[in-house]
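Both of the next two complexes hold chain A, though its partner changes from chain B to chain C.
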Partner chain A sequence: MTRSRITVADVPALLAGAEFFSTSAAGEGIEFAGFWLEDILAQTGPVELVTADELDPDTFCAAVGAMGSTIAMAELPPSGQEPVLLARSLAERFGGPLGAVMPLNAASVNALNPVAAAALLGLPLIDCDGMGRVFPLIHQTTYELAGLSLSPLAIVSAGHDSLLLDTGSVRAEHIARSIAQAAGGWLLCAMYPTRAGRLGEAAIHGSVSRTLEVGRLLSGHASAGGRTPESAGARTPDSAGDSSWSGLTPGQADGDPLWFSPGPPYGHPGDDGWPWRGAPPHERLLRDLAKATGATSLGGGRVVEIGPSVRQAGTVYPGNPMGMVVHDHDSGRLIRLEAHNELVLALADGALTAAVPDLLCLLDRGTLRMTGPERLTVGDQVDVLCVPAAPVWHSGPGLGLGGPGAFGFPLRHPRQESR
Partner chain B sequence: MKRAGRPAEQLTVEELVRYGPLGHAEMLVGENLARPVSRVALISELDQVRRCGPGTAVVLSSALAQGAWAVESALRLAWERSAACLVSPAIIGLNQATAQLARRMRLPVFVVTGDTAVCALDLAAAIASPEAARARLAARCAELFAERSNARGIVGVINSEVPGVAAALVAPDGHVLAGQSSADRAEHRIRVDVPGPDGRRWADLVAALAGPPSPTWAETVHLILRLARGPLAASVARERVDAVHDAERGRAALRAVFAAAGSEPGQVAHEGPAARGHGTGANGGNREEPLRGAAHGQQTVGGGENEEETVSERALGWRVTGRHIAVFLRSDTTLDPTATGPGVISAWQEVFPDLPLVPWDTGWAGWWTGEEVTVEQVASALRRNLTRMRSPIPLSGGVGRVADGAGGLRESLSQAMLAAGVTVREGHGTVRSFDELGFRVLLASLSQAELVGSARMVLADLLAAPDGPVLVTTLAALLDCSNSTSQAAARLGVHRNTVLGRVERIRARGIDPDRPDQRLALHLACYALLPEVS
Partner chain C sequence: MEGARIGVRLAAGHARAALVVGGEIRHAACRSGDEPELARELRDLARGTPVRSVTWDVSAELDPASAGSPVAAVRVMPRLPARGLGSAHPSPLIRALVRRQAAVIGGHDLFGVELATLDIYEMLRTAAAAQAEGVSALALTATGALGCPDHELAAAEIIRDAFPRLRVSLSHQVGGLGLLDREAATVINTALLGRAEQVVERCVRIARRLGASTSAWFVAGDGGRISAERLRVLPVLGLWATGAAALTGAARLAGVDDAVVALARPEGLAVGHVRDGLPHVATDRPGPGGVRMAVPQASLTPIHGSHAATASAFALLAEHDQHTAVVAVAGTGPQGDGRDGIATDRGRAAAARLSSASVLVEPTAELAAIGAAGTEPSAWLDTVLYAETSEVLARKQAAVEQRALTLVAESGARLGSERVVSSRALSLSFLRSGSYRLVVRAGGRAEDEA
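And then the complex of A and B:
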């Protein structure tokens, strides 16, 4: 079997996918990490992407991810020594070196950090993650649900302060966040040290592949403009489903970060020269995303209201709550979205239709890029998507750790309502 | 907070807005207000809304309202359960989108700034005894009615205390006496008649409602209107007494002014302009005589007139010094001037708020004062406004000449009275000036009863004819036109042959218009009878 690799050419797709799974709000400003990763991969060569099954069950591995502020990380980027310091801390503690790296979450900037870590450490990256999306707290993971211990938590700051924290998951989160504030705004962490054989039930498998697949889809549509995704070189979900994308060479995907360019404004059905008669491009993209991720569209139309929301009682999350309302063009329904770093829940005409841990995201109809409340103004046209979370998140403990209640909303998840 | 009552007695959301508990809340959405409210539920968890029955007023506690999402979730659940309305604390982010959703669901939403628990308690108290709530509103209005002394104030109480209602006091002819003029044009109205001091219908009190009222709300508004009737009738009586008092005061003051200046206009009227010669440009010097007389009177009375002028100017705002033109209004009706006087004066004040009008003799005296004012201007202004005036009786007016001082005013008024006597024959709204009429003003005196009786006697044969009144009119026209039948026909608007035929019939009754010795007496007799035959 041909092993998959992540090359420099895959970085743009990885970035686009990382933005999609960041639930709209947390994916902003991560472009810097793309350039950083491209530099690393150009020096180290591709990173080997393996499934947990392909490794020796005794392989020592740990989840790598950053916590803190993405903006702080962009201003004070990692030097490249951080993963080495983390690996050293864990190796000294466990008496043996790391054998593989797994992502904490294959979304937002943390879709790129484990790839960089694996590249710098010369280790394989396990195609899995512990969230399947972005959660604000490092212990909101399927690893936690499966009973893996978050600590000892190895952390390293922008100033290369290194610490191995041995405590409970919730305290580790609290303490690490304080350290992040004091030490430059962000920390790179290695946590959930375990053996590859224990990842069977504990991880969401195929996460990295999925992020790349969705990213490729988005890049194709965004860059296509007047061209079809096929003619723009983007792969359709059907042909991408076999993971053969890893054989792509830079030439095949042009190696350009195509999705950075907003592309020409799309036309309308019936316009002269419009090649996709009958369906606006955003509808084609939605259809493709639905095929690739199982996403459903909650509706789409004009943003009619956006602004601060009331802070939920008893929450420990960083950031400020926001609320926005989208007027669904077709049904006339009002879709209210509540965001707290990420989009947390969606109410259609007052009825809860989607909530965490399912992933909510917004597609800008104009640019065909994922967008979020902080980038939108009243009058923008968006589509609201809901991507179902991994099944383990819909269990009782899963909803307890990552459901609406965990975000301070006294609401039952729609799946609980239907039970 | 439950209440088991007869549905008919349940308050509607609209009534809860009117009677207090929700009256102080901001109404985010006012749809579907006619729904009855059966109970109140104070909600601290969203799931509690699921247990609310139809007709519940759902009040969200402060603990629950954590954002617009919570209010909208509650709104949705309340709508699914047919709740009557939703009351939310004021929170950040609760604005247009939430209102839009509530409008889609046609569910009234209210926002209160204080503690919603207090609002829930107030609502529960109101719902527990609807009659008490209605009685409280009526009692509040009755209390305020008693404190107001005029119709405007009383109608104002309804407009300010009974929200959603626009009230007006409307005269039988549709004129709005007080309140909001739009009330009488509204689609949904409640009307009660208001009696005058004599107990007869004097005006209507009309309340306009924003939409079709519930039976109970209509009943409440009707009760409040009936409560206002008594105070309104009392205020009307008081205004009438005041008006009569003011009129008498004005009459006395004017009499005093004239007395100080010389004899009263009633006396000089009998002297007539002919006695002093009718002033034209040529013998205008004659006009000066009464003015000199007045000046002489001033000297005679000495400080007396100055004192009266001072009193009049101070108490009534009159200017009796300077240059005046008097007008006199009168009517040919036989109605009691005491009853019609306040109406006439009030109508006058509507069109001439700054000019005096005083009951005088058989009509009302007024005057313009100013250095530049002319008879033509006054006649024109009076003519224009006499038709606009909402006078209870038809009026016509005479205008005197320009004159100076109190004595001059007296003289001018005498002239105006004579001119007005002529206008009575010519119909409602007619205005003539003394100069314009010339010697014909003398004929105004011919309506005296004694002369009329004699005229009726001497022309008895003519009047006995089947077309007696027509023949009298024709005879008068013929004499006016020096027996020219063609001119008389033109004046009467008939063919000359018709006039010839009538003249034949007149002669057949033993009347010869050509006899010089009879001609003056015949002409006078015709003029004396004209008012009653025309």
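And then the complex of A and C:
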């Protein structure tokens, strides 16, 4: 069987996909991690991406991910020694070395951290994760739902403060969060130590591949210019049978404008802008994202309000609630989005239309990149997308751990309403 | 007080000047290398009217790729990178400017808590090695410097004591969150110190030739103006100022404070926004060589294509914007004025697609020079703070706003005209509740305003 590898060339796509699955609020300002990962992969060579069932069922593995703030990490980047310290900590405890790394979540900066850890440790990366998105707490995972133990939790800070924590999942989250705050704003963690054979029902399989696939789609649109993403080398879902691209290029070369993004969203310094031909390019991108992820558009238009939310912050979660309102051009409806670290709820003219654990994402129409409240100001044009979460999150226990109620909203998820 | 304001753009060996007095605009163009000739042209432009200020757009003179000198870049971090991982900046421009890269133990977190003691001995060894290699300037970037600049200040002091010939730029003075972006800005700033010194001196000398009371100012990339002293220390603030000046000029000539503006150039349109008289800016835009620098610059989106095609695209954007649509011809004519034929045709085509409420601006002088003459003092602060309650947040926010207003006053604002243009406290994700990023923009009316 031919195994996949993640190389330096995959990093821009990984970064773009990581932003998409970060549910907007959590993926901002993670470009630094892309440069860092490229540097690592250039030194170590590619990382082998394997499925859980390709490994010996007894292979010792653990989920790797950062907790804390991406802005703090951008200000205080990792030294590169952190995964080694985590692996050493777990090996001493379990009497044997790690055999593989799995992602805590293949989104935001945590889509990149496990790849970096696998590269630095010389281990394969399992193509799965425990969230399929970003959740604010490290025990909001499918690993937890399947009964895997989060602890012992190995943590290390940018200052190389390290700790192996033996306690329950909720207390581990609380204690580690306090340490993260005191230790520079973020920690790299290794958790859910287990055997590869136990990941069958516990993980969301194919998450890393999916992040890469969506990232290639986004990067392809960004760099395609007047061409389709396929002709620019990007893979798109069912591209072989998609005839809708055929109408986009003929006859447009002379008349239609070239649209340029104002900056390279997923490229490198020195890249040129990206010309676009034809109708507003966000519509084409939305169509392809829908095919790739099952996303639906809740609407799009101008941001008319943004600021602190009127609701009280819960004590369980870090960060503060925020709210924003988008005026949907087509329907005239007002779409209110509630955010708390990431986007949590969408209400259209007061009616709940989408909620966690499903992913809410914002696409900036001007730059064609995923965006969030921190980047946006009143007047910006965005599209609001809803991406269905992995099916396990729509189960009763899944909604209990990651549904609206878990975020302090006394609301039933739209899927519960339809049952 | 009666008087005129002059704006000058220096580029490619030429100076394009615009004098604004009352509602009148005059223009002049000449070679920029001949100082007496340039001063004479500016005096002739004034025709005896007292000139209150000359504001220079020198961004083309500060191209780091051609005008930058090699520097040593020193990061201060609590742990040294393993195997040098992440040490080198990915940008070819930054790599070309950095002759020596080093890391020294030290640094703070975002909120100013010390993470490691500054290794002053290693700092001195690094500075000594840099000087021995013939490097004359050092870019110092400490993690957490916006929360607490103590390690940068301490390092600068011991370096200046031990190596007085070494010039040092400190990242907290450049500003911006994110070590990589702030370091890039600090490296570019450091590399341009020598060049900026020459350019500023020359511009100040020429302004003095126009009269003892004529002041010299410089357009910043955010569309505000800064003093000669500030540009000497922070030349990075003067980069990419031409687009910002052109946006300012377009809004002024259109007589609006808020607008969506299309700058018509021969090669296409560049679309930006003006709010409260100042260009809309962003800190995540690529600057020189595509380098993200964490310093604010006017946000411009280029649209290329045929006249008809770019007109359609801008009409679509304008239709969805609540503010007045302004199309401004931003080309440079053969006489150094604004009468570029292709740009004018493109601008007229764009204006023809808009509603009657829109404004077409066909300036008689170069638009960026007109904008430079009209720039006002401004300031931008981007920082992190912790506030347990909304009352504490309001108090701390007010303190940062006051700092911004002070910077505006130092840039020549008329007493009492300083104002906060925008002040946003953004909750920081995944940090304890009460952690905020605060972005404040302030402006004021210039003392020399006619």
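Basically, the second predicted complex is superposed on the first by the 369 of 419 C-alpha atoms of A that agree within 3 Å, B and C clash if a C-alpha of one lies under 4 Å from a C-alpha of the other, contacts with A are read in each partner's own complex, and residues count from 1 in each chain.
Please note the rule applied: a contact is a pair of C-beta atoms (placed from the backbone, for glycine too) under 8 Å apart; a residue touches a chain by one contact, two chains touch by 3 or more.
Just so you know, these numbers come straight off a predicted model, no measurement behind them.
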Partner chain in contact with A:86 - chain B first, chain C second, else both or neither: neither
Which superposed partner A:107 touches (first chain B, second chain C, both, neither): neither
Chain B versus chain C as contact partner of A:154, first or second or both or neither: neither
Touched partner set for A:39, first chain B, second chain C, both or neither: second
Partner chain(s) touched by A:323 [first = chain B, second = chain C, both, neither]: first
Contacts of A:145 with chain B and chain C, given as first, second, both or neither: neither
Contacts of A:366 with chain B and chain C, given as first, second, both or neither: second
First (chain B), second (chain C), both or neither touched by A:71: second
Residue contacts on chain A - larger count, chain B or chain C: C
Which of chain B and chain C A:308 touches, first, second, both or neither: both
Shared chain A surface residues [contacts with chain B and with chain C]: 308, 313, 321
Residues of chain C touching chain A in the complex: 77-83, 85-86, 88-94, 107, 109-110, 113, 115-116, 143-144, 146, 177-181, 268, 273, 284-286, 289-292, 299-306, 308-310, 312-313, 316, 320-322, 384, 425-437
Contacting residues of chain A [partner chain B, same complex]: 304-305, 307-310, 312-313, 321, 323, 325, 332, 334, 336, 338, 345, 347, 349-352, 408-411
Interfacial residue positions of chain B with respect to chain A in the complex: 45-46, 64-69, 72-77, 79, 91-93, 95-97, 100-101, 104-105
Partner chain C, residues of chain A touching it in the complex: 25-26, 28-29, 31-32, 35-36, 38-40, 43, 67-72, 74-81, 84, 120, 136, 158-160, 177, 181-185, 254-264, 268-271, 273, 275, 280, 301-302, 308, 313, 315, 317-322, 329, 341-342, 366, 373-375, 379, 381
